[in-house]
Amino acid sequence: MTAEPQSSPRADFTSPFLIVNPKAYLGSADTLKLALLTDELAGRFGIDVIFTAQHVDLRMVAEATKNLTVTAQHMDPIVKGRGMGHILPDSLVEAGAKAVVLNHAEHQLTLAALDATLERAREVGLMTIVCADTDAQCRAIATLGPDIMICEPTANIGTGQMDAGDYIERTTRIVKDVDPSILVIQAAGVSRGTDITRVLEQGADGSGGTSGIIKHPDWREILTEMFTAIQDFKNRA
Amino acid sequence: MTAEPQSSPRADFTSPFLIVNPKAYLGSADTLKLALLTDELAGRFGIDVIFTAQHVDLRMVAEATKNLTVTAQHMDPIVKGRGMGHILPDSLVEAGAKAVVLNHAEHQLTLAALDATLERAREVGLMTIVCADTDAQCRAIATLGPDIMICEPTANIGTGQMDAGDYIERTTRIVKDVDPSILVIQAAGVSRGTDITRVLEQGADGSGGTSGIIKHPDWREILTEMFTAIQDFKNRA
Amino acid sequence: MTAEPQSSPRADFTSPFLIVNPKAYLGSADTLKLALLTDELAGRFGIDVIFTAQHVDLRMVAEATKNLTVTAQHMDPIVKGRGMGHILPDSLVEAGAKAVVLNHAEHQLTLAALDATLERAREVGLMTIVCADTDAQCRAIATLGPDIMICEPTANIGTGQMDAGDYIERTTRIVKDVDPSILVIQAAGVSRGTDITRVLEQGADGSGGTSGIIKHPDWREILTEMFTAIQDFKNRA
Amino acid sequence: MTAEPQSSPRADFTSPFLIVNPKAYLGSADTLKLALLTDELAGRFGIDVIFTAQHVDLRMVAEATKNLTVTAQHMDPIVKGRGMGHILPDSLVEAGAKAVVLNHAEHQLTLAALDATLERAREVGLMTIVCADTDAQCRAIATLGPDIMICEPTANIGTGQMDAGDYIERTTRIVKDVDPSILVIQAAGVSRGTDITRVLEQGADGSGGTSGIIKHPDWREILTEMFTAIQDFKNRA
């Protein structure tokens, strides 16, 4: 938390940015295909990308790409030793991961485990991305000082429906009020470039998604649309 | 369960065998070092080996070795889709894993999850290795028809102390009485070649361990001792 | 397991029997109302009844009734000592509970926890009722020797839809093949007296339910219908 | 959160106060004995008391006492309906409970579950008491606005050893800095009246404990000592 910017895992990471989060939707071959395509576009657009993958695919993606922040979808608060079947943070770093997502609605942590895992992430130098749902959860997690937060109403995940009210502006502001240095991702229900434009205009630092990308019939098309939306927003700013 | 032997993931796997289970004790570089050494000895002795690794290291180990049954330390009963942070069975297979350990004392499953995960393992063609503790647990899990079982009294794990009573003979017999085709690993507290000889003589099909190998100052020495014990037992049989 | 019949918690419990399982559908006052009504009918029909209640209501129900096997909906494998917020088996007995349901689909246990909790139940003298879903789970749990099993396909719980195939006969037979002394409840989707007749004819020892009773506009009517179905089956046998 | 003081479940609760938390150490008869004794002393000293009990004993304790804030050791974020084996908040209220402890180190919750359970507590009118360990956890939970917090270093629970550093002052201040209306309990390792005096002097609003009381050979003696310490502190203030 007190590390100088130059040594922070977030040092070179710039807003606005894209998140591509295939969760468990893709096998290894498809993950690699999506990663290579995203890497190519990330390089061309000059935009930072959080790219998550199954643990088993992290090293493969890290070795095959150069413009992606390769990100684990979970890790455990363990040190070298026991922990059969749990994810050792140190090995994620050795495999080339630069960041880790924690507390996703599909893999929730106790507050004590989240606290301990954030501590381990700082020790090994991984950028931390923590998920939150309600206003209260967004505020509580912001006090823990993660590098990035994903605010999303659990009920909207995977629906292709964005929040119809002021969730995006409101939760982004809640996080920034606690700690303005935390970057905020708003991606629930995002499936088009215009959705990305909307959330960036409402204060988010990053956007992207899972099903909006994975289920699109033409990955190059939807990714190009999303990168373009981010680039346009950046140029206007 | 009803697959013909020739198509079973266990088809080419032969007793007696060794298990090398570094759990979360080793980072990627050390895991690779141990895997290469074990692979060399496995080839020289002509003995089958269950070799587990952190998920992030499975593909690396599978690509670098040729005599090991590369084994995941856990997986989740999910299909392609949601499941952020969970382990997709299909990707383990794509990464080169041939087997998976389930229900370890450090990563216990509900019976329903274990049942569903065994089903997924059969669908994707992974050999299943399930852990059990008490007599009752050994019997219950044997009815689920895993390929291999690890019977170990939880209290002895990592202690370097083997069970002083008849646990080894008794639980091995319980499993075989339910289903004689299940291979049984007895490895709790095993740290020497003579320990391996003892458990094989008492009916086990495989042995090996974690701390008994990892904490030994000379991996080549202890692995050679263990392989030799298995080879000697094999020759006597 | 080796206790003589006369000292078993199941000694006086007779098939066929009814289960009334309000889960968390009722507050204390409604639970008491349902318990008193069930108790009256149980006495009149001379039929045994498993009656579950929220932990907080167990003593109240036990003190107010005399014909019910008052049953906890869960307990933890703890002994007196630490265990903040967990359910101490010894106190259930002091409160007048005679049985406990374990491993319900809405409160699943690891196999090790189920094993340990069954052991605690035997120590304190509670009759054990364990839930299972698939054939494999029914078989595995039967080997653990509970007094009673609830076999139900998780997908049918609370739907008012009974299994359309041979689930009832098949799973009942699986359990009895492992241990003929285990009583089997089949209650998924049961909402009428004729449903109860059907499952008893197909081999079950007991039936009843949750939503089929709780959501019925006239508890006396539906309970009388269910008791009558059991009595008629008993008279025919 | 926005309820007026007069309608708050904490309206009549006054600092400094005592917490008597027998966890799962006592069966029903001993719980009643301890409750009656505490009730007598609470009345005599005119000091508020948080008294927790096993769920099964809550109604019994509430009916037998008049000066205790009868407190559940856990509850689940459910509404009337499904939830087999889970604790329904509405029934706790019907049984006479006035408060609930959440997120104890022995029964940890995910942040989302804690958030939802606090919401349910407010709906049914239960005072909320939430446990936290590290500075970061104390700060995060304080933002959720519980009525009371128990700050305790997990490593000290049940040891009879109090924190040797500035944990008590520091975490109490962290909580009050976030929300001065939250009452703070510091009780880890407290076993004597002088321990209570110390934590009250260091800023805590309440203290007491589990093993320091339960394991004392003379409950009347140790409780009197603790009540006296609180009374003396109150008189000095």
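Residue numbering begins at 1 within each chain, and the chains themselves are lettered A, B, C and D in the order written.
Note that in this section a contact is a pair of C-beta atoms (placed from the backbone, for glycine too) under 8 Å apart; a residue touches a chain by one contact, two chains touch by 3 or more.
Each chain and its UniProt protein: A, B, C, D = Triosephosphate isomerase.
Computed from a predicted model, the values in this text were never measured in an experiment.
J.: Spelling it out: a chain qualifies if it touches chain A and also touches chain D; which chains qualify?
T.: none
J.: Could you work out how far chain B has to rotate to sit on chain D, using CA atoms and steps of 5 degrees?
T.: Superposing chain B on chain D takes a rotation of 180 degrees, nearest 5.
J.: Averaging only over C-alpha atoms, locate the centres of chain A and chain C and give their separation in whole Å.
T.: 46
J.: Would you kindly tell me how far, in whole Å, the mean C-alpha position of chain B lies from that of chain A?
T.: 35
J.: I need the residues of chain D touching at least two other chains; which ones are they?
T.: 105
J.: Within the complex, which stretch of chain B touches chain C?
T.: Against chain C, the touching part of chain B is residues 103, 105, 108-115, 118, 132-134, 136-137, 139-141, 143-145, 154, 178.
J.: Give every residue of chain C touching chain D within the complex, in rising order.
T.: Interface residues on the chain C side: 21, 23-29, 31, 54-60, 72-74, 78, 80-88, 90-92, 94-95, 97, 101, 104-107, 158.
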